[in-house]
Each structure stands twice: as structure tokens, then as C-alpha cells.
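To keep things simple, chains are lettered A, B, C, D, E and F as they appear, and every chain counts its residues starting from 1.
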Amino acid sequence: MPEDRLTHLNEQGEANMVDVSGKAPTKRVAKAQSSITMTQAAFDAVNQGDLKKGDALGTARLAGIMAAKKTSDLIPLCHPLMLNKVEVEITPASDAPRFDINATVSVEGKTGVEMEALTAASVAALTLYDMAKALDKAMVIGPTELVAKSGGKSGDYQRS
Amino acid sequence: MPEDRLTHLNEQGEANMVDVSGKAPTKRVAKAQSSITMTQAAFDAVNQGDLKKGDALGTARLAGIMAAKKTSDLIPLCHPLMLNKVEVEITPASDAPRFDINATVSVEGKTGVEMEALTAASVAALTLYDMAKALDKAMVIGPTELVAKSGGKSGDYQRS
Amino acid sequence: MPEDRLTHLNEQGEANMVDVSGKAPTKRVAKAQSSITMTQAAFDAVNQGDLKKGDALGTARLAGIMAAKKTSDLIPLCHPLMLNKVEVEITPASDAPRFDINATVSVEGKTGVEMEALTAASVAALTLYDMAKALDKAMVIGPTELVAKSGGKSGDYQRS
Amino acid sequence: MPEDRLTHLNEQGEANMVDVSGKAPTKRVAKAQSSITMTQAAFDAVNQGDLKKGDALGTARLAGIMAAKKTSDLIPLCHPLMLNKVEVEITPASDAPRFDINATVSVEGKTGVEMEALTAASVAALTLYDMAKALDKAMVIGPTELVAKSGGKSGDYQRS
Amino acid sequence: MPEDRLTHLNEQGEANMVDVSGKAPTKRVAKAQSSITMTQAAFDAVNQGDLKKGDALGTARLAGIMAAKKTSDLIPLCHPLMLNKVEVEITPASDAPRFDINATVSVEGKTGVEMEALTAASVAALTLYDMAKALDKAMVIGPTELVAKSGGKSGDYQRS
Amino acid sequence: MPEDRLTHLNEQGEANMVDVSGKAPTKRVAKAQSSITMTQAAFDAVNQGDLKKGDALGTARLAGIMAAKKTSDLIPLCHPLMLNKVEVEITPASDAPRFDINATVSVEGKTGVEMEALTAASVAALTLYDMAKALDKAMVIGPTELVAKSGGKSGDYQRS
């Protein structure tokens, strides 16, 4: 059941970190997805790199994983968390020159890891942009969205 | 004129930071955009917050600006740069419950600031997601894309 | 009951992180305060900014919150902690052109959060200095001090 | 000649990094000071540590130096700078149980280093608080203030 | 009993953070060692500095301690951990102009702290190199190795 | 011509960042090497991973590159630098189960990049340790040493 106001703002409308003192740590998982669409030439260069040596897609995967660990440093009101797992998968789409990015993050903590999963997917996409930008500057990142979350008081969520 | 291979990979397909030793520092500007679409209720809560106290949109703007300064720490092969300016604008769209994000970054350096502008726009969008996620988990971020760049050997670019 | 030596130094006088292995995590809260005194003109500019758009004081508040999360990176011998809450309040003083800063940090951990609260208050003050320094370079930050702490073996503390 | 508005806020009152594109890099120096006052017992413990092994004051000096390098990460609208020098001196006061902290930072850049000097002095003081807090929780940090700056369009400043 | 494949790679050979969700936090300790060998003149300068004021070796010790806290930021697939203790000892060798570095890290967590101990020892050695490099560029760091670990499912380890 | 004292210590033996204000930026290059020796089984697992998918060695290469950019954050008295290039090569040795790591860093700056090259090589080695530690805990890192440097007032250096 969604609340009716922005939880990060207090009654004076000031941004603050929410107090999670009273919450018990529970197992939480979040999955997010993003994608990057590019020209066929750029797609082929990235994808071929992967088949040969793995460094193009591997670099983006690692960047996403490392970014998940920096989430509380990037998103001002996020709580620091000791992540249990971060996984980033990048798969070439079959219907277009596009890479689909899926990030899964899990934790045993007092707050969810939606932002960590969304950050991992976003930074993996940005890194693919960086890898291929000499070939194509018109690449489009997104839509970036939460796929599912489980655990925590607000209940489970599954993108319909 | 785009090159025909991924510039961050060497001939063995290994990822490396490109050598910019021979390049002279020039004035470079990049503009990127992103957006976040949400329910009308979430949109109203974020937007009203802004009219009253500014903290919801202001927090996202600041997060974007600070993220631009972390770009070389987030994107593995980006060069560190002394940015001259970072500006993030977030405007409520008139045709839908959506916030449009525009980031402009400039530098006098040896490499462009496309990644810094894209990172600023992405992290501002992620922060808005974080601010409003108690109200709406189905928010959609993106498309995130480069709007324009100027300066540097590869010439100017303007999204058509 | 205060100890009679510097706990961060070992018997050879060498600085080290204290071992907290044997301590159980308990609920701990710390409150710190700082202030920044400036000319009436600078005060008015900052304060008016707040009434209109909130960005001057809001930026300082956010900077303080984010700095609390970086405390173990800034203070060499601090333990990393998963903070439950950080709150920074900045209020215009009534008796002088001065902003008073109050930071509250809570955690469920093995060490206290005095340093996190003091760091949050200090960086919020530094950020206000940065915002107003074109108007007044003679601004004075402080006194910065611990207001109260609770939890932990060393007992509660309340500034008298 | 001070300006009449907050330079970090644009005409809409929104916080942004100032554009320094048009400015030429010049030699700039800033000096800041802070202090920390404590009980005689805490003062003796810190000071004796220094005479013997140097680690108490040495740790605070290093923390200040390293913090100067993190200034643009801590203060949201500060430009990243390649500092030429950071020096932190901590001297025991003769008239009271107090340590005086002086920080000097220099750069050849487009913006001044007042914030870097103030940050170095503040974090050195915070670190001394951390070192001695088991002995005295009522220590007082500050006043923290700019002592002098030179270089840049706004001219030199010397605290009177 | 060692496993027969690289645990950080999944079945497709892709690097990912291992999932530690099912593991219970236990007390874990790791000890690592490194060393740096240099000319007698450089050794004397570093060592004398220590006897007098402590700053050369003290700086390296602190750098090692702070680096341990950054391990999950440096090593891409390391989990973030709330370290209980980091201790770095640097001792002049008696048989050669060499400093021996021992780092001990402990945690109550789901993964071991071998990497934290190895990182602390390595960065302490690198910092000594930095301190003495004007005197001797041919200094040799290492061997760097794990001395012992205890705790965790994989059992204890003691270097033979 | 080496100097006769530790340049990072002042006359009182206190550690400080050296002042490079008077130095002109010049082209500087540094090369460093490290290695990691392991059991044949661990070596085969890492190396095979590379032939198939590249992620084991690729992860270590990226970690080294990213660490070079963090050098001034890790080594307390290092100046921040805008690196022109970082390259890390990891090659399987032919005479033993060992990986040899070579890092090359270049900059146009006021100080050399020896520490950046040594840091890149060290962190690449540490990352390989992390990748293979489930197979072999007795791996040995090093010797880690400077191979060559050019540029700067102190002249060129070539390991003999």
C-alpha cells in the first residue's frame, strides 16, 4: 500500500534520510532492467568483441556491479548496505541492435535494494555507451525500470 | 567520421584507457537528457514539494551534479577531468506526469564530456525514483540520450 | 568513566583501529551542533534563497547528510557503519546573522556515531560557507561540539 | 568587491556549479585555521603522544591533507582541482589546553582553494576529536575561519 | 577443501559477486604480510624519521588501515564489510635494509577478510615506496602473501 | 641525482604534500610490474577462463586501471593527476604457473606517475588473488617494482 507523501521529506518538506532504526533486517531482493539501442555497426562491434575476448560486455557488467556498491554514495538519501550479491547480465536482443541489461541485488537489511539494482543497470548501460560512442553517438539508453522486488514491509512487487 | 572499432579495446580486444597524450586541451561541451515518468499522484507529490520547499527536485539536481564529478570513478575507462561547469535542469512535462532532465557539462580538456552529461542526467533520474518510490514503483526512467556535443577532433554532434 | 589514554594508540603509541570484535551491536544515537556566523547581507541572501527555493540551505543539509555516510573514509580510524538515520537541521538564529546546524545520527552498531554527527554538522557548515563566500569571506564556523550521545558501554552523555 | 547574490544559485534560485570556462588558471593560495579545546588531561595525552611517537597529531595532519583532496566530493558545488600543495600544521597552544590547526592549500587553477583549506582544517580537528573522545566528550572545535587568500579575480583577502 | 573452479565466475564464465545470502555471519580474522626492500640510505632515512617523529612509518601504517576500508571499492567482486579491526605493523628487518609489514583484519561477517588484509599490507608498502622514492627508485615490494585466516566455512589456513 | 632526505617530510619530520607550484607540467610516463604465482590448478582455471570468456584476467586488468585513477586517494601524499592513459597487461608466464602484470601510466603533469603505475600493478595482482583464492590461498604476489620512468626534473630511470 503506497504512502501518500514523499518519505524522504519531513513535514517541513526538507530532505532527510529515513529512520530505519525500528526495522528488523530481512532478506530483500530487487531486479531492475535497462537497455541500450544502437546502430547495427556499433552492435556488431560490441557483440563481436564479446565473442572474441569478452572485454566490451565484461567491462559494462563489472561497472554495473561496482556501481551497485556505490549506490549510497550516489543517491543522497540511500542508506549504506552490505550487499549479499550483485549480478548483472547483458544479453544481445534478437529483434534489434540492442543490449538488454538485467541486474539483481540481494541483501539482508533494513531497507530494500531497488536503488542498487537500478543503479547497476544504469551504469552498465552508460558504460556500454562509453565503449561504443566512437561508433554511434545517437545510442538510446532505457527504459530503465524496476522488474521485481521482494522482502520488506511494503511487500513484494512484480512489474506487470 | 565514426571509427570502425571500439576505441577502448586494443588489438587483442582488451579494454584499456585510450591514450590522449597527443591531444591538446580544447573547450568541450556536452548536453544529455533523461526523463522519469510516474503516476499522477507521485508526480504531484514531487512537484508540489518543489513549489513549497524545493527539496525533492533540488535533491535530484544536486545528485546529478555530484555524480558528474564521479564519472571517471563510475565508468571504468573514462579519463579524470577537471570540469568547468555542471548544470542540471529538471522540468515538469506539460503533456504527462513526467519530469524531463537536462544536463550540461563543460570542460577544457583532452576528452569530451558526453559521459559526464549522461551520468548526471541518469543519476538525477535515479534520485527522483528514490524520492518517489514509496508512491510508485513502476516509474520508468529514460530514454536517456546525448543531445549535443561540441569541441574535440570528432566534431560537433546534434541529435536530430 | 573516561579512560586514561588515547584508545586509538597502542602501547607503542601507534595509531590503529580499535578492535570492536567483542562488542555487541546496540542502538546508539549522537547529536552534534555547529553554526556559521556571517554578515547580515550574506545571511539575508542565504535565508531568502531558502524561503524562495530552498536550494541554499537544502544544499548544505544534503551535503551534511552525505558527509555522515563518508565519515569512515574521512576520519582515519573510524569504523565503517551502516547508519540507520541521518538528519541535519539548519535554523536561522534570531539574535544574530547566524545559522545553527543540528545533526542527529543513529545506528545499531558496535561503535558510537559521535564522529558521524560531528562530521555532518561540520560539512553542512562548510557548504554554507561555500554558498555565501562571494558575499563574505570572514564568516566564522563553530563552535562545533557534541550535544548528546546515548547507547554503548561508555554510557550516555549530555552537554551541560 | 563582493557580489550581491549567491553565486551558486541561478536566477531561479537553483543550485548549480558555477561556469569557470572563461577564466584563466592562475596561482592561488588559501590559508584557514581551526582549533580544538579540551581538558588538560586530554591535551596532555594527545601532546605526549606526539612527543613520543607522533601518531596522534600525525594522524590528524594526514587526515586533513587527505580531506583537502576530497573537497569536491564533499562540498556539492566545488570544482575538482589538481592541488599543488596541502600543508597542515597543528601546534599546542600556550595559553590553554588547545591545539591550533593551520592549513595551507595552493593550486594553479580557475577557482580558489578556500574550501580546500577550510576542509583540511576542519577534518584535522574532527580527527583530533576522534583520537581523544574517550578522554573528553566536551571538546569544542572552532572557530574555523579563512585566514587569507591570494590569486583570482576577486582579489586578495587577509583576515583582520 | 578448495573448489575446482573460480567462484567469482558463473557457468558462462562471467564475473559476478558471489551470493552470500545463505551464509551466517561468523567471526573471521585474516593476516597478511608484505615487505619493501631498499638501499641502506633510504632505509636509514625512513627509519630515522620514525625514531624522531614517526611520520614516515606512521603515514604508511595509516594508509594501510584506510585502504583496508576501501577494499570493496578497489577489488571489483569483494563484498562490502563492516570491519571490526584493522591493524598494520611495520618493523625494520634486522638482516637487510627492509621493512616488514603485517596487517591483521577482523570482521563478524559472511565473507572472509583475506583481501582486506592483503590490501592493507600492499598499500602500506606502496606508501613507503612513495615516501622514499626520491632516494631510491629500485625498491622492491613483496612478496605479499596471506599468513593466516580463521573462521568461515572453508576452514582455517596457516601459511606453512 | 637522488636527494638525501625524505621529500614528503618537512624539517620537523612532519608528513606533508610536496609543493609543486613552481614546476611546469611535462610529459611523464611510468611502467611498473608485478606478478602472482599460484598452483598449476589455479593457474589453469584463471588462464582457461581467459581463453574462453576473458572475465578473470579482464576483471583484474580493469581493477588495475581503475585503481590507478584512485592513487591520490590511496597514497596519502600523492597529488591528484589527470591521467592521460592507463594500460595494464597480464600475461601468463611460460616457465611457471604465474601471471606477469605490466602497468603503464602517462600524464602531462607536475609530478611523476610512478605511484599510479605501481598501484595499478598491485591492485591487478590483488584482484587475481581474489579471483583464485578459493583454489589456492598460498599464492604469492610480487616482486612489485618500477620498471622505468621518463620525464620530470629527476630524469629518466630504467631498471637494470
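Here, contacts are C-beta pairs under 8 Å (C-beta built on N, C-alpha and C of every residue); 3 or more make two chains touch, one makes a residue touch a chain.
Computed from a predicted model, the values in this text were never measured in an experiment.
Undergrad: Touching both chain D and chain E, which chains are there?
TA: C, F
Undergrad: Figure out the least number of contact steps between chain A and chain D, where 1 means they touch directly.
TA: The fewest steps needed to get from chain A to chain D is 2.
Undergrad: Could you run down the chains that neighbour chain A and chain E together?
TA: A chain counts here if it touches both chain A and chain E, which gives C, F.
Undergrad: Taking each chain's centre as the mean of its CA atoms, which one is farthest from the centre of chain C?
TA: F
Undergrad: Compared with chain E, which chain's mean CA position is the farthest off?
TA: Farthest chain from chain E, going by C-alpha centroids: B.
Undergrad: Could you state the distance in Å from the CA-based centre of chain A to that of chain B?
TA: 15
Undergrad: Whole-Å distance, chain A centre to chain C centre, using C-alpha means?
TA: 31
Undergrad: I need the residues of chain C touching at least two other chains; which ones are they?
TA: Answer for chain C, listing residues that touch two or more other chains: 13-15, 53-55, 58-59, 62, 66, 70, 73, 76-77, 80-82.
Undergrad: Please categorise the chain-chain contact pattern as a line, ring, star, complete graph or other.
TA: Graph shape, chains as nodes and touching pairs as edges: none of the named types, so other.
Undergrad: Would you please name all pairs of chains that touch?
TA: A-B, A-C, A-E, A-F, B-C, B-D, B-F, C-D, C-E, D-E, D-F, E-F
Undergrad: Which residues, counting only chain D, touch chain F once they are in their complex?
TA: 27, 54, 58, 61-62, 65-66, 69-70, 80-89, 106, 108
Undergrad: Quick check on the complex: what are the chain A residues that touch chain B?
TA: These residues of chain A touch chain B: 2-9, 12-15, 34, 41, 45-46, 49, 52-56, 58-59, 62-63, 66-67, 70, 73-78, 114-115, 118-119, 122-123, 125-127, 129-146, 149, 154, 157, 159-160.
Undergrad: What residues on chain B touch chain F, complex-wise?
TA: These residues of chain B touch chain F: 10, 13-21, 72-73, 76-77, 79-82, 109-110.
Undergrad: For the complex, give me every residue of chain A touching chain F.
TA: 53-55, 58-59, 62, 66
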